[in-house]
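Both complexes below contain subunit A, partnered by subunit B and then by subunit C.
Showing the complex of A and B:
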């Protein structure tokens, strides 16, 4: 019951947060200097007025806001100002599966590999193995994905694949696209690598903290195997901070990665976040923001719920009081 | 510990094997040698393609950097959409590879003595659903472009038709627009002025026909969805859209209803959307694309080191420095000249741009034809005698300051948008002004749309702008300097220039008219109302198997006569 009330309370707060987000976005984007229909070539006053009327931009801002809110509640985000005749919802929903799949694989890869390498580093703290693992993590954090992506695309998808095509009749990797594994592996790796590094370092720090605790010493003294100690005693406590970063990370990674999608030509959501703002495509800006916001809020909610199950010691309700 | 190591080893080796297996896809070595690894390139090669019946059955892969905004010809404004429409629709006329006017849906036409009345006789042609293309389809389409509620940003290009401007601006009625279907196959158009370039603009997608009945069926909940999906269009060109996967690709196949079904020699054209120029180059290297544009010096170098044959064409656009001539400093012609001539254009093109673009010395680029076999650019150049040397720039500045009664130049600003390429260019111009004039220029960088707003509001001194000739006539771009023209962000106003343009618009002798336009541009040049910087050249490479593809400033990416060897 207490858990249910806790979740309900969180849900309500989430909805309010979303509403505030929509409202602020709506008014901020209308305050942007410029005009959605402004181009190098000027359009006549009459045409401009007609365009404003067509998209309802001629009405007072408050009326536009209320109309928008009403439509958004019914899942109608309006029509894109750039892709005329295309509903924002349709554009987002056709791009979303690509980004979601790419993000999910990257997250799984980054999460698994990151936690494993983090634990590995913590156990070997200070020695050569730790240094190597942390060096890789440092590369992951400091090499931007557009460099890593371009490099891997060139060396793996072109050089190596051409070589393999000549010698074995198979191309290992494809340059771009998102239909088969040959196309998916490199972008998943590139997108996941940076996150892997973050998770790995986070896990290491947190596990080092846990290793020094008395209950680990007790467990060792009891003669438990190292694997059992890790599995039963360290993981649960050590994983908490990682779960905390995983929430927002999941939200941002699942809703599109502009750079990776651009390099590997994956028709995902990433570009809509950037292009809609540059083009002042109001409906699209609002749509992408709501989508991202909902994901972020949902991910944080899941993290909060996960806390309850991983660590029952967390006092429900009081945390937010 | 040992146990864990073993488990990890097992997991890692399993993963590696899985990755390796998953990474393998078969290379199709038959057909035209395209390595179809991606699945998105959908090569429709039928086996070896050597047998007689397979001749002409082929596929090619091209790309756009952005999704076509929409394929409604009455609204179309973006390049990808125009390219798609050019392949799968047709206008009254076509432009051939020499940019000469040839018959399209009109089999012939008559022009009245005064050059104001055109009568087109349509050929027997069908839409892709089998219904005939009629004169009424043109009337409907053109009036739709002009319909105020349709809010087409391209309506202005139809203003040459009598009554068009009035209707579009809400001052006239639809009935007053002088375009009518005399009978099913005869279209009559009345122009406000003799307009020698009218015929050539008819190849523009804005002038394509639209089937009224089909269009009206696309009405859905207050919005018309015509041209937003493959099945929401009718086709009257050599190809039709088989599949339009938004944000990913447009697949063209032969339109069997086209009046000359043999025309389309490439059976399937895949138009992929590839935003990243480097990715496009890599795809080209892998045989996944048949053409790639080289927009940067890096890509050009790369292509050269890969021993590719570079192809170029003049894109028709002129990038220029625009002066706010209402500004208290830049109202002075000598100050403008100083800032214009201080830039070493040749060095700039050779060392900074390095993309094949050439220095611009006049406003209208060399793509526009002039008289007696010369280009319009050469006609203007021949009579423009100002000393434009870098060495003379400083003298102009001093003269200008004297005329303004100033001892030294106040702080001047340079407005640019925040694109990386423009920022780089701006730094170089800044350096030229510093070096050759001793002027410290403050660069103001704003987001693209904000910059445009600032520019059109006249809150700037100097900015970079660009304009493209969309048809083979100087009038395509000269009017932006006309008083009260909506595009005149330079706020330039010169009675002589306005008069010459006005006279040219009613002149019936094409040669005299062109001379007037040449004189008009000379007014601009002598007044230094504009500082042309460079003419943009597009550099690209093509797979050797592609033949007959036409790319030029007025007819870009024309597959009409293209075939695969």
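Showing the complex of A and C:
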């Protein structure tokens, strides 16, 4: 019962958040100066009125808002202003698989490498190896992805790959695109590196807690091997707090993807978003914002719900205290 | 065995040395003592102070200005003709521009964080102090604002408002205060039940006096940690906005716009991007290490 109430509460907050997001987006877009039909050739009053009527712009603001809300519920965000005649949703859906694949690979890379380096750090707590691992983590958090992306693209994808092409007749990495492994490795690494650092620090803190527990001493006293202890006793308990960062991480991977997709010319959502901002394609900006928002809100909700099932000890309703 | 007289020396009696009491130190003196022992903390603080002083002084004393173009000396390498970091594709001195950019980035970060601090402390303070229904409603509002992806809202605001320094600060402040509000509210909820606050209330202190005199000073440590944590985030947000073309506009330049601008000429003249990028990474690294150490010193329980 308590669980059910907790989930309902989270669900309602998520729905309200979504509604606030759509509302903010609508009114911000409405506040924009200018007229949507101003850019075209000089049009007569009659044509203008007909256009206004077609898009419902002659109606009062409240009606427009309700219409937008209703359309958004059905996934209809209107047509792109730049690619005329193309529905925003269609463009977004064609771009989504690229972003999803990029995000997923990065998350997997960051998760695996981060947990391993975090455990390594925790086992060597306080010595040189730990200091090196944690320093790399600090760099990962401090270097913005557009810097790392530009540098790696230049030094690995251009310099090193040209060198390997000349000497071995094999080009190691590609400069841009998203079709084969040579193209995918660097973007995934760039996007995952910052998250790797976050996961690694989180894992370390959590494992240090676990290492001090009595049951680990018991396991050691029973003569279990180091590997067995890590695998059977530490991993399950140590990994739990790491799950809490997955929600915020989805957000930073998405926004990081804007940059990475732009640098490596990957035709995903982020590239469309940045293009639409630079081209002032307002329906597209609004649609992308709402899609991103809903995705992140859903991700946070899932993490919240997953967490109570993984850790029954969590105190429901008192998470904010 | 013989006992000579020399073996027995009379101990001079000093009443002072019997004193068991230590000189009492305040909370912040204690923090400072522990801070001084931490090499990483001192190192990062030194870098931050160096950067702040540099970005104030160097643009003033340098013979070049940030927007002065010299088309006869375009894309110069490092250490040529008095240009320590060379020049960019318009012949502008990179050394001055990088320090000036650091200044703009720091101004944006500090102002944004200061506004967050003010809103967050007031909001969180009221919510935590009043408690009950008010707290419940106010925190649900925070829940909603916190779930809206910050960067996306900041970007939306930047699309609508005219891009510029003040806009970036305002856009960041509209969504950035929630974290601080939560932290302050948690502290106030915890502190207001402690005996000394109850005593203060019994002695007739009003709400305002309790908040300012009793609660705020004790919540200060946690607030400082949170402040230090948000500064690198604000720097990053500014750089990110610059990257997608919503940053400060010419003739101003921030570290973010310098890196972005440098990426055009990057393949021919790597120093144009590498130097501002390096400045930015060092700044972020210093703030991150500083806030981490501060957190470990002030609140070891928060280490997660």
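Note that the second predicted complex is superposed on the first by the 242 of 321 C-alpha atoms of A that agree within 3 Å, B and C clash if a C-alpha of one lies under 4 Å from a C-alpha of the other, contacts with A are read in each partner's own complex, and residues count from 1 in each chain.
One rule holds for everything that comes next: a contact is a pair of C-beta atoms (placed from the backbone, for glycine too) under 8 Å apart; a residue touches a chain by one contact, two chains touch by 3 or more.
Quick caveat: nothing in here was measured; it's all calculated off a predicted structure.
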**OP:** Could you say whether A:177 touches subunit B, subunit C, both of them, or neither, answering first, second, both or neither?
**Re:** first
**OP:** Would you check which partner chain A:274 touches, where first means subunit B only, second means subunit C only, and both and neither mean what they say?
**Re:** second
**OP:** Name the chain, either subunit B or subunit C, that contacts more residues of subunit A.
**Re:** B
**OP:** Give one of first, second, both or neither to describe whether A:47 is in contact with subunit B, with subunit C, with both, or with none.
**Re:** first
**OP:** Figure out whether A:251 sits in contact with subunit B (first) or subunit C (second), or with both, or with neither.
**Re:** second
Original post:
Looking at the overlay, does A:60 come into contact with subunit B only (first), subunit C only (second), both, or neither?
Top reply: neither
**OP:** Check the residue A:150 against both partner chains and state whether it touches subunit B (first), subunit C (second), both, or neither.
**Re:** both
Subject >> subunit B versus subunit C as contact partner of A:158, first or second or both or neither >> reply: both
Original post:
After superposition on the shared chain, which partner residues are touched by A:75: those of subunit B (first), subunit C (second), both, or neither?
Top reply: neither
Original post:
Hey, what residues of subunit A end up touching subunit B and subunit C alike?
Top reply: 32, 150, 154, 158, 262, 278, 280
**OP:** Enumerate the contact residues on subunit A facing subunit C in the complex.
**Re:** 13-14, 16-17, 20-21, 24-25, 28-29, 31-32, 138-139, 141-144, 146-147, 150-151, 154, 158, 202, 205-206, 241, 251, 254-255, 258-259, 262, 274, 277-278, 280, 285, 289, 292-293, 296-297, 300, 320-321
Subject >> subunit A residues within the subunit B interface of the complex >> reply: 32-35, 37-44, 46-47, 50-51, 53-54, 79, 82-86, 91, 94-95, 116, 150, 153-154, 157-158, 161-162, 165, 169-177, 179-183, 185, 225-227, 230, 262-265, 267, 271, 278-280
Subject >> Residues on subunit C engaged by subunit A in the complex (per definition of touch) >> reply: 139-140, 143-144, 147-153, 155-157, 159-160, 182, 186, 189, 232, 236, 239-240, 243-246, 259-260, 263, 266-267, 270, 273-274, 277, 280-281, 284-285, 288-289, 292, 303-304
Subject >> Touching residues on subunit B, where the partner in the complex is subunit A >> reply: 1, 3-4, 8, 19-20, 22-27, 29, 35, 37-40, 67, 69-70, 72, 75, 77, 148-153, 155-156, 168-170, 223-228, 245-248, 272-276, 278-279, 282-283, 285-286, 288, 446-450, 452-454, 456, 465-467, 486-487, 489
